[in-house]
Structures are given as structure tokens and as C-alpha cells.
Amino acid sequence: MDVVQQPLQSLSWSDAAYLAPEWILIVFMVGLAVIDLLLPRRVTRSFIGWLTLGGLLTSLGCVVWRLLDINSAASATTNANGQVVSGVIRLLADSYRIDNYASLFKIVFLTATALIVLMSLGSVKREDIADKGEYYYLLLPAVVGAMIMASSGDMLTLYIGLELLSITTYVLVGIRKHAVQSAEAAFKYVVTGGISSALILFGMSYLYGITGATNLGAMAQSIQQHAGDYKELLYVAFFFLLAGLGIKIAAAPFHVWAPDVYQGAPTPITAFLAVVSKGAAFAIVFRLIYNVVFHATTPEAPLADDVFLAMLIMAAAAMVIGSAAALRQKNVKRLLALSGVANAGYLLVPVSLSLNGMHVSNFGEFIFYLAVYLLMTIGALAVVTVISAAAGHDEISGFAGLYYRAPWTAAAMIVFVLSLAGLPVTGGFFGKLFILLGAAQTQTYWIIAVMVASSVVSYYFYFGFIRQMFMRSTSEETVHVPVPTGLVIWICAIATVAIGILPGPMMSWVNDHFTIINDLFIGSQPGG
Amino acid sequence: MGSWLDETLTWGNALIFFLWGVILLALVLGFVSYAIFFERKVIGWMQFRIGPNRVGPMGLLQTVADIMKLLMKEDTIPRKADRALFILAPALAYVPAFAVLAVIPYTQNLYFADINVGLLYYVALSGISTIAIVLGGWASNNKYALLGGMRSAAQMISYEVPLVISVVGVVMLTGSLNLRTIAQAQGDWFWQWNFLPQIIGFVIFVIAAVSELNRTPFDLPEAESELVAGYHVEYSGFRFAFFMLTEYVYVYAIAALTTVLFLGGWHAPAPFLDFVPGIIWFLLKFSFIVFFLFWIRATLPRIRIDQLMGLGWKVLLPLAILNVFLTAVYMELFIKG
Amino acid sequence: MLSDLPILSCIIFSPLLGLLVLLFLPKQRSRWLKTTAIIATLIPLLLSLWLYADYDSTKGGKTYEELSTWVDASLNKEVVGAVSSYSFKFQYHLGIDGLSLPLLLLTTIVGVMAALASVNVKKRWKSFYIWFLLLEVGMLGVFLARDVFLFFVFFELTLIPMFFLIGIWGFMNRERAANKFLLYNGIGSAIMLIAFVMLVSTAGFRADQVPDKQETHLSYSGSYEVIQQNLTDPASYVNAAPPANSQEGEGNPFYLSKTMRWSIFLLLLLAFGIKLPVFPFHTWMLKVHAEAPPSVVMIHSGVLLKMGAYGLLRFGVFMFPGEAKDWAAVLAILGVVNILYGAVLALVQKEFKLVLAYSSISHMGIVLLGIASFNEIGLQGAMIQLVSHGLISALLFLIVGSIYERTGSTQLSDLGGLARSLPFISGILLTAGMASLGLPGLSGFVGEFLSLLGLFDSMRIITAVAVLGVILTAVYVLRSILGITFGPMSERYAALRDARLIEAVPMITLLAFILLIGIYPSVLTEPMKHGFDALLEQINEKVGR
Amino acid sequence: MERYINNYVIVAIFIILGILLPVVALSVGRLLRPSKPTEEKKTTYESGNEPVGEGQVRFNVRYYLFALMFVIFDVETVFLYPWAVAYKQFGLFVLVEMAIFTGLLLIGLLYAWKKKVLKWNSI
Amino acid sequence: MLSSYLTMAAILFCIGLYGALVKKNAVIVLLSIELMLNAVNLNLVAFSKYGVVPSLSGQMFTLFSIAVAAAEAAVGIAVLIALFRARGTVNVDEFDEMRR
């Protein structure tokens, strides 16, 4: 058979050490699963949550240490232009990359999950979720999936990560076994998730057919040669990829599943879907766009430009549709789901703005907004858990008179709402501002207009929370805020404001640790 | 056979292949007829009975008579049955049973298809029969048939897993999925055959194989006392015959497969016995396995369904996996150096 | 000693000090809360008065300028090439000049008066004052910020407290009013943000060579000065004509084409026009005037509306003098429309608060006229009109609050003959009315007169029409105020108590300032003297006069 | 290459023969066997009684759980087979990798065991 | 040769997509998704032999995709069973607890 023989590269012991963050999570998951199985039924499972949190934080520590280590002088090298670039660890024939890009994403995912676990510790009740132990330790493989997605340099690992994340979240969404809503949400999520992975795979299969490789770097090289001859197929491939990934990131018009699923899922899982799932899908989008699509332009067909334009249109649609649909929502979780759709639109903007002479990196804007989005969404949903525990439902009217029942929580909620609406002095404002400035650098002014307009529309429903909290009142009884949940609320609120007052250090830190050639243009550095 | 395989395909060659296939088919049908006869005889002797002895000399034509009877019996299809599936099921059961025989080698030179994924082919195709059984049970639209079919499916899939994993050790030692290579790789002395180094795998394989065949002590799907006749309760005439045929063709196949995988195929037990042709050794081993199957049928009682499932999942599966890793560690220490 | 302090920061953030104290006070102790809040507003007043005294108009406000890096978000610099840094640079840049100083004073004065007037608030004093002080921080910041994004942050900071103040403490339809306020101002600020983003990404770009070193610092700056300089300097890259053979703007990502300049200018005009409010966008303001609590309307009408005019001047006119000059006629017409529309509708209102609301629209029209004149007199007139209207409307709404507290109504038909039972309040009301209609000797006259005088220079017909509107002012003011003070008195109002001390003090203070400006306008014109020179120079250069 | 094609031709021939036999046998049988259907013959068999209710009864969900377990371990073999074939050529690390993979699956088995999936009760 | 495989896969995929979007029976919906995934497998295997640059990775990809599809189907049906217990129906149109 005339098949290209690829050399097999096995993982060595030292390579395995680089995977410490992932190993730690897996070991914790296995250990906790066994403990949960062997313990008698009556023992309370809360400690599993704390152990999960411990595992996540340990892993986070490893990721940060690795990030700093890669960028330290010892492992830095100089590239052809004489610039100092940081090292990248490539495992298994470059199918698993530990680079700054991945590490930054992993930090976001792990932080988010840690906050979500902490939030759950205060809000998950035994009568609601029968298998509390499972609930906690299933989050770990989900995060591992997200981390694999961020690290993958190969369509195969990318797909495995995607499915590891998806399948575990299917279960997590449906974990309230006896609630109809939960099961229904889980089913809808399974179906849309299945369709989306089929679409993604279909697109990938065409890409593979044209390039003959699944490694992103190899694809980048191959696609430059073949793009001209197979541009129709490439268009089809990119269309399918965009549609599939659009479902995963819940961007309009592929967002219809989001409200139902977010509503039916347990609230912390809603936060997980909104932040980690979405972020991980974006990690894929970034890699695919800058490794494959970016190199697919030919003189006769502006493939890359068309894809970028399509993505921008998708972003605009997400913003407009998300904000408009949220106007009518009375259910908080549905509302936040739709706001998540709009936010997916905002997050898509930097990805889909192509680079030019002045706009040399969109990653800083993106990760900045993702971090802010993490804080405000998780914070808001943490407040929602408190409210729905007190009110017994998820309707927005549950917020009525919150200011008089729990003033500090209401104050934190104001911070989240303002941040979501993009008003100063919150992280949300600078997140959007950086994205807008990025768009302005590429002279894509129309998307600025759309973005700002959708923000204004969103004021209406975000301030709906404020109206409820301050201008309505029901009972005067105080709302009980469990300590872990309160901790989450305050961490998020303070961080949101802190980023809103001083966004510079974070943005600089991200951009100092990110080099676009090393981390995204995998293909432009053959071999390595 | 090997020489034809290397030639360019022509219609003539295809016809030769076809004729070989027909010959094998005839052999297999003959085997089935007389396997049934001998089963009855052997069990009879073991139970101090004579067994069939009226039709033909020593009752040798008994099975032939049975087949003729089945052929001429009226064929009823229940009104409520799903007609298409009802008709499809027996054929669907039989086709894979016969098709798996294509990859079994008999001697160094006597084999049909020489596929390098032969073992996988066998495992994959034999799984299809499960579907046929469920289909038959479902299409009958009968409570007994349905439950029998479901049980049968549950049992077959439960034992398929240990069966499949138990041969992994053999595959590891050989480094190939080609059944011919596997048979060839086994040594000249009988203790070098796979059944000793792979004793755990061998035992699991045999147990699981018996269960896959739905034979005693694992014949629960057909448990007369509970389920009348299981999935084929509504079948009569020649459609019923095909289910029976399937079972016995699988007996043939499993016996041959066990011989190839574990008992050294056509190898003589010791180098000095090489003068006896390989095919004889193969047939001897093969016959022994067949006899063994009859033997346990006569000996063992039927086990309960919870015991059946427990055995499969809680004992055989962990053991099979353990076997894989024992083999791996053994190879790591002694073979790879 | 005082001059060593970062005086501008102190002014802006001193209310926060009060806010901190407020947070730790128990919410039942209304007296403590009120006292703290009033003191917290007094500090910026005193500081700004000192600043006014210290301000030297010939030198401008350079000495008070505060500059430190606020956001220095470095960007990925790989692809650009050999630069040592590449970043978004937004500065914490505060400054004062002739344009901001009067408005700063206005803010601090009205702030204290509103705080005093807020003692009427009936519920939730603690949160009221917290929002109130935050609002003051925002307003002060708006007038002092010299970085577009810092300006924007402060601008938005006024929005949120206003939403709460209207929505919680307002009258019957407070929520709708709050929503409408939020919606219009949100749109306004969003448009402003678009304009700023476009500006920063083009005109905000600067490349600094470090002398003696091979280092280049590239940055996108939000600095007002940088942007203004780039925009008005014909030699800068923003205005550099592209090579003739290439397409427009090709190769120079910072080039602002004519269309771009115009669109940014129009966006700014629209953004600040909504705030001002210019005629078709004024409806939110009526709602706010009618529904917000009187002390909040004092702030709103007294200061917040001025932010629109201030922004229009500083960003619209100063940054795009050429475009503004080209549109002078349009501005003037808009102003006249505002004057006439406001006056006519004020004439037919049955509610006193709405009369005042429409009169605000009308008076803001005069500001537009002043701006449209594009000469020193007119611009000074506009500024004085801003300050004077701020003071007058604050005073009027203070009185409205007092009257409402006593009578429970602001309907013109309900009120009448209050002069008998409330002689003091009525007297102040009459005087304030006179100031509003532009009686010489009071501040309103100076502003109107100078504005119209300035405009008369260039657009005579429009001026004439505007004067007609001003005459109408007299009609509606007299109609309503005379109706309230004199005329038949309803029996139930006979036993009303006249103003208490805490009401009288702010009334008299405000009136005193009104008189001061009316009699001696130089208190305001003096610091402004050199404020417009540079602008007018540029305009004249551009227009070639 | 010829060998490759020939091998699969043989496989195809075996499958064709497998299909032919039932077709031929049943067609031939049609000529030989009688056909005298009556109502009674065509009723569903239920030990001689009148059939009660539907034939397609609901059965235990446990069957599904076994199917699930089967899928999991069958898929494991998908990975186990290629691994086993190539095992000789690889180092110790490959063994560790497979041990981790299988270990995780065994945890799954333990899970099922502890959750009483493997315990059979009633039909 | 390649194009016939691709056409076949595309047809399968379209049937699957249609089924997943239109069919009312939840089981059929899940089946349709499997159909789509199988179409992809067909594509991958065809490309690995007849693609522009033939390589083995397509077959590897197929192995993984089969495994993952199995897991997905397992979870899907488990969820469906839980839902069936709660609602007593597998009609997709009746899963409308949350739409208001």
C-alpha cells in the first residue's frame, strides 16, 4: 500500500512528568470514585467535594509552575529572527502541546472549576442530587477533557478531549435523576452535542482527506499546497466545522439548545457549561483557525477571509439574537444562557478578526474577556443558587427585595450585572473595550456598532435584576448565604472590580506569556 | 490452496474457490449431521442408554431422517409475528456461522482465506448471530421467545467480552491476528502450545466458548422448564433447523478455533511424531474438543441465571484482563530482554 | 502646603471618604447619616473654591495637572518588528482649564445644596446618600478627566447612581422613568464609546522614540491632548494625505478619511446631544424631571445636563473644529428649535415640574446657540448660560421640593396664592423665575445676552428667531410662577409653615451665586479668558479667516 | 496484492454460500412441505392457553445495563487488539499506558458492581 | 473510487441529520446521530486509502471515533431511559417541560 509511514513516537517517563496536571486530576478522580464506592451509604459525601477542590488547586499550581518554568530564561531559545521565544513542550509527535496558549486556557478552566466546586459545596443538597460523590468527581474528567482540548496539536487529541468533556457533562446535566427538567435538559444536550460532534467530525474528515494528516502542524503545511485544488471541499469542511463548533460555543444561530439545557442543569453545572465548555470549544476554534484556516488562502479563492467573515457574521448574529431573546426571559438561568449566547458573540469577535500590521494578536483580548466572563458568570450563578434555595424557583422574581434581605449579596450582584452589561468600573467594561479596540485596529467598524448596540439592549434585562433587587419587595426575611457560596460570590465580585479598576497588569501578563508564532502558528515552524 | 491465492483473480480461479467452498459446506453439513448423531450416542452411553439405533445400521441414518422430517414439516408463521424479520432471523443466524469458517486453517497448506486479521474477523462476524437471535425472539411476538431472545443476547454479549479478551494473550505472544501465523508460531513440543503458557486464557476461552454456544451448562435461553424453548419457540420446520444448524456449525468453528489458538493447530505433540500428517493431528484435537463439549453436556447441570452473569462479569472478565497483564509482564521480563 | 496635594484627585474622591464612613453607620440613624453626607459634599466645595482662588487664568491649569499611568496593557509585539513596547496606554490624567473650572464649581455648589435638600428624603437614607455621593464622584470626574476612557468611566459612573436614585426614591412612575433614563443615556454613552474607540485606534496612536537609544514605544493612547493634537495637526499621520497612486488610506492604518472624520463627529454630536438634550432626544429628560425626587432633579438639571454641553464642546468642537464650524448653522438651528419647542410646550404645561423641564430644554438651546457662534463672546455666553442655568434650575427644583413637601402637589391648578402663607419661599421663587427669564442683574441675562450677541455676529436671522423664543420664556415663567405665588389661594394651604433654616440656607446661597454672576460675570469669564483662544485660532486657521 | 484480493473473494464466496443455503433449502422445502394453515396454528404459542395481552412485553431494564457494560468492554478490545499485536515492538511505557486505560475500565466495572448492576433479579 | 465513497458518506450523513432534526421518536434521533458518525468513519477510512495524501492516521481516527460514538450512545440511551421514567414517553415533541 502506498501509505505514508509515520514514525511512531512513544511517551517517555520524562514526557509523562509534563502531564502532571492532568495526571493529578485523573488520580484524584479515580481515588475519589473508589472511596465513594467503598464508603457506606450513610457517610456524608461533602468531603469528596473538598478533596476535588484540593485536586483542582494542586493541578492549577502545577500548570502555573509549568507556565513560569517554560518562560524562564533556562528553557527559552532564540528563533530565526533572533528574538527570544519561550520553549514549547511537544509530546507524542506534537499531538499534545504544552505551550503558553494551553497553559493560559488551563488556568482559566481550573480556576473556573475550582470556583464551581466551591459554589456547589454550599448549594448542592442531598435530596436534590442523590449521588453527591459522583457529582463532584465527574467534574474532574470534564476538566481534563477541556485541558486536552486546549493542549491538543492534533485533530485526534482534540476530538478525544472534546468528547471527554461532552460526555461527562451530559451526565452532569442529567444528574438530578428524579427531576424531569434535568433529564430533559440532559437529553437535549446529548442530541445537540451528538449532532455537533458529528458536524465537527465531518468537517475534520474532509480536512484530513485534503491534507492527509491529522496533526495541525502537518495540516498547515499540507493545506498550503492543496488549498487551490480542493477549495470547494475546503469550504464544505470549514462550513461544517463552524456549524459544529458554533453549537458547542452556543453562538447563534446554533444556540437554541442553550436555554433549555442551562435551565434544566443544576446551577453549578450551568456555570460549568457556560464557562468551561464554552471556553474549551473556543480553544479548539483558535487552534483550528490559526493553524488551518489561516493558511488556506489561495490567490483565486480568499478562503481564510471568507471564513473570518462568516465567523464575524456568526458573532454578530449571536450578539443580536442573544440579547434580543433575553429581553423576554423571566427565568434567570434561561436569561443567563441567552446572555451567554451574546457573550459567545463577543468572544468570537477577537477570534474572527484577522490579523494585520497593527493587530498582531487577538489572544490577549480574548483570554481577558474569557477570564472576566468566568468571574461574572460564576458569580452571578452563585447568587442564583442562593436565591433559588430561598425562593424555591429560578424565576427572576426570586430576586425581589434582595437588597433588604441580603444587602451584601445584592451589592455583589450589582457588580456582576454591571460587568455583564459592560459598564465601568468592572472587568466586563475593559473586556469589551479591549475587544472593541482590537476591532478598531482592523478597521472592522461595523462589528463595533453591533457589539455596542447589543450591549445597550442588554442593559434592559440586566438592570431587570437591579429593579427586582432594589425596587420590589416581598418578604423581609433574610436570605441565608452558605459560607462556601458566599466565598465564591465575594472572590468573583472583588476580582471583577479589581480587574475593572486595573486591567493593565493582567492583559500585559497574558500578552507577555503568549507568542503567536510559537503557540498558534504551529505549522510555520516545521519539525521543532 | 496457497498457490491459487497468489495468482491473479480470474473467473476460473473464482470458480475453483467456489467449489472449495461448496466442498467445505458439504463437509460441514456432514459434520453437523453426525455430530448430532454422536452427541446422542455419547450421551446415551454415558447415561447407560444405547441412543438412536433404529434408522439405518446402528442408527447411523437417524439424523438424516430427522432432517428429512424437518424439511417436509409444515411451516407456520404466527399471525402476530413480524413476517419479514421472522423469515430473516434464521438465515441471519446461519450466514455468519458459516462465513467464519473461511479463515480457519487446517494444515500448513490447507486453508481458505488467509486474512491477516483473521481472529478479528471471526470475533466480529460471530457477534452478528446475537442480533439474529434477538431478532428471532422479537419477531415471534411471543413472551417466551422475547425473553429467551433477550436472555440469550445478554448471555452472549456477557461472555463475548471474556472470550475476546482471553485470546489477547495469544495475540501478544504471536504478534499477529492471522490464525495461520498463530498456529504456526506454536512450538514443536506440546508444552510449547499456547494452552500451557496461556492456561488462564485457555480455561476462560473454553468456558466462554461453551456459553457462547448456548450449550449446557449455559443453555438458559432454551431452558425448557422456564421458557418452553426460548427464542425459537415459534419456529418450526426448516426454519427451526437453521437455528440448530447454526449451533452445530458454531460447535465446529469453536472446536477448530480452539485447536488453532491453543492446541497447536496441525503440530504434532512431539517432533518425532511428525511423520503423521498434520491434518490427522488437527482432526484428533478437533474431535477431542467436540467430544469434550458432549461430555460436559452429559455431566453438568444447568446453572442459574444470576450465577451465569456473575461468573461472566465478576470472575471471567477480571481474570481475562489479569491474564493480559500477566502475559505482558512475562513478555517484558523474559522475552523482550 | 495645599498645592502639594494632588488637589484634583482630592476633589474627585473626597466624597468617597464620606461614603466609607456611611457604610459603617447604622442605617436607622438618619441624622448621623445626613450630617456625614453633607460634610462629605462640603469638602470638594471648599477644595474647589480654594482651587478657584488659586487658579491663574493666564497660566491655565497646568500646575494642577495630574498624570499617571492607569492602564498599560502591553500588546503582543512580535509581528510588528523591532519595538521595545507596544501597548494600550490609558492614563489617569486629570486637568483643569477655563472650560472645566466653572462647571466644577457648579457641581460642588449644587452638590452641597442638593445634599442639604435631600433631608426631605423619607426612606432608606443610607443607600440614598451612598448613591448620591457616588454620583458626585462621577460628575466631578467627568469635568476633570483628560483621558477619553477615564472620561467615559466617570460618565458611566453617573449613570448607575442616577438609575437607582430615580428608580427607588422617585414618584409614582419612577421605574419607567429610570428605565427610560437608562435606555437613552445608555445609547448615548454607547455611541460615545464607539466614537472614542475609533478615535483611540487611529488618532490615539503614537510612536515615542527614546532619545539616545534604539527604542521605540508604540502605544494607543486615550489621552485627550494626544488625540486632539493628532486630529488638528494637519501634518500628523491621521491627516496625512495618502499617496496619490494608492487607494485612500492604503498603507496607513491610521488615516482618517473625510467620511470617517465626519462620522466620528456626528457620533459625538449625537451622543452628547442626547445628554444635552437636543430636540428629538429629549423625552427621557421630561420623565426624569417629573418622576425623580426634587433633590436628585437639582443635580440632574443642574449638573448632568451640563455634561452633555461640556462633552460637546470638549470632544465635538475642540477635536473637530473644522467639522463643527461647517455645521455651525445646523447647530444654531437645532438650538433655535430647542428654544422654541421648549418654550411653546412650557407654555401649555399644567404641571410645574414639566414647565421647568421644558424650560430646561429651551435654555439648553441657548447653549447650543452660544457654541454655534464660534467666537469668544458666544462661547463664553454658552459657558455662563450653562453655569447659570445649573444654579437657577437647582434653585427652582429646590423650591419645588419644598412646596411639594408642604402641599403635596405640583399641579399649577392646585397651587395659588402661596405668597400669603409662604412669603419667603415665594419670594425666592419669584426671584429665581426672574433669573430664569433673563432679567438683567441676574445670571440668566448674562448667559443669554452673550450667547445671542455672539451668534448675532454670524447668523442674524437665526438670532432674531431665537430672541423671539426668549420672549416666550418670559411669558411661561411669569404665567406659572405668578400663578403659584399670587392668585386665589386654596383654603387648605393657609396654615403652611414657611421655610426652615435647612431649606433657607441653600436657597439663599444659590440665589447669592445667581446674583453674583449676574452682577459681576467676570468671576466666570476671568478663568475662561484664555480657554477658547487655541480653539478659535484653529478654527480661523481652518476656515482661513 | 493478488493475495489480498483473493482472500476477500473467498470470504465473499463463503458469505454467498451462507446466504444461498437457506434460500435454496427453504425454496426446495416449499415444494415438499404441506401448507394447511388454520386459525389455531397461527395463534401465538402460550403453552396451549389463549394468549394473554401483548406479546412484546416490557422487560427488565437490566438487559440494557448489560448491553452498556458490553459496549464499554467491547470498545476496550478495539484498543486492546492493535495494542496486543504491536506489543512486542514497544517499550515498558506502552504497558503502563494500557494498564492505566484498563485500570480505568476496571474502576468502571467496580462501579457497576457496587451499584448492583451485575446483580440479577427476576426475569 | 473516492467520490463514490464520499457520496455514500454524504448521503448517510444527510439521512442522519434529517433524522436527528425531524424524527419524533427519541430512539430514532439517537440512531440518526450514530448514522452521522458512521458516515464520518466511512469518509475517514476512504480518505486514508484514496485521499490526496493517503496515510494511516485516518484509520486510527476511525477507531477512536467508533469508541467515542459507543460511549456517547451509551450515555444518550441512559439519559433517555431516565427521561422515559420521568415522562413516560419517547416522543421528542413532548419534551417541553421548559419551553414557555
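Chains here go by letter, A, B, C, D and E, matching the order in which they are written, and residues are numbered from 1 within each.
Heads up, the rule we're going with is that a residue touches a chain if its C-beta (ideal position, glycine included) is under 8 Å from a C-beta of that chain, and two chains touch if they have at least 3 such contacts.
Everything quoted here is computed from the prediction, not taken from an experiment.
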Graph separation of chain A and chain C (steps between touching chains): 1
Required minimum of steps from chain C to chain D, each step between chains that touch: 2
Chain whose mean Cα position lies farthest from chain E: C
Chain at the geometric heart of the assembly (C-alpha centres): A
Farthest-lying chain, centroid of Cα atoms versus that of chain D: C
Interface with more contacting C-beta pairs, comparing A-D to B-D: B-D
Between chain C and chain B, distance of the C-alpha-averaged centres to the nearest whole Å: 93
For chain B paired with chain E, centre-to-centre distance based on mean C-alpha positions, whole Å: 33
Length of the line joining the C-alpha centres of chain D and chain E, rounded to whole Å: 21
Mean-CA-position distance for chain E and chain A (Å): 25
Contacts with two or more other chains, residues of chain E listed in rising order: 71
Of all residues in chain D, the ones touching two or more other chains: 74
Multi-partner residues of chain C (at least 2 other chains): none
Inter-chain touch pairs (all): A-C, A-D, A-E, B-D, D-E
Chain A - residues contacting chain C, complex: 83, 355-358, 360-361, 363-364, 403, 418, 423-425, 429-430, 433-434, 436-437, 439-441, 443, 445, 448-449, 452-453, 455-456, 459-460, 463, 466-467, 470-471, 502-504, 507-508, 511-512, 514-517
Touching residues on chain D, where the partner in the complex is chain B: 2-3, 5-11, 13-15, 17-19, 21-23, 25-26, 28-30, 32-37, 41-47, 55-57, 59, 63, 66-67, 69-70, 73-74, 76-77, 80-81, 84-88, 92, 95, 98-99, 102, 106, 109, 112-113, 118-121, 123
Touching residues (chain side chain E, partner chain D) in the complex: 63, 66-67, 70-71, 73-74, 77-78, 81
Residues on chain E engaged by chain A in the complex (per definition of touch): 9, 13, 16-17, 20-21, 26, 29-30, 33, 36-37, 39-40, 43-44, 46-49, 51-58, 60-61, 64-65, 68, 71-72, 75-76, 79-80, 82-83, 85-87, 95, 97-100
Complex contact set, residues of chain C against chain A: 69-80, 86-88, 127, 149, 152-153, 156-157, 159-160, 163-164, 167-168, 174-175, 178-179, 182-183, 186-187, 190-191, 193-194, 197-198, 200-202, 205, 220, 253
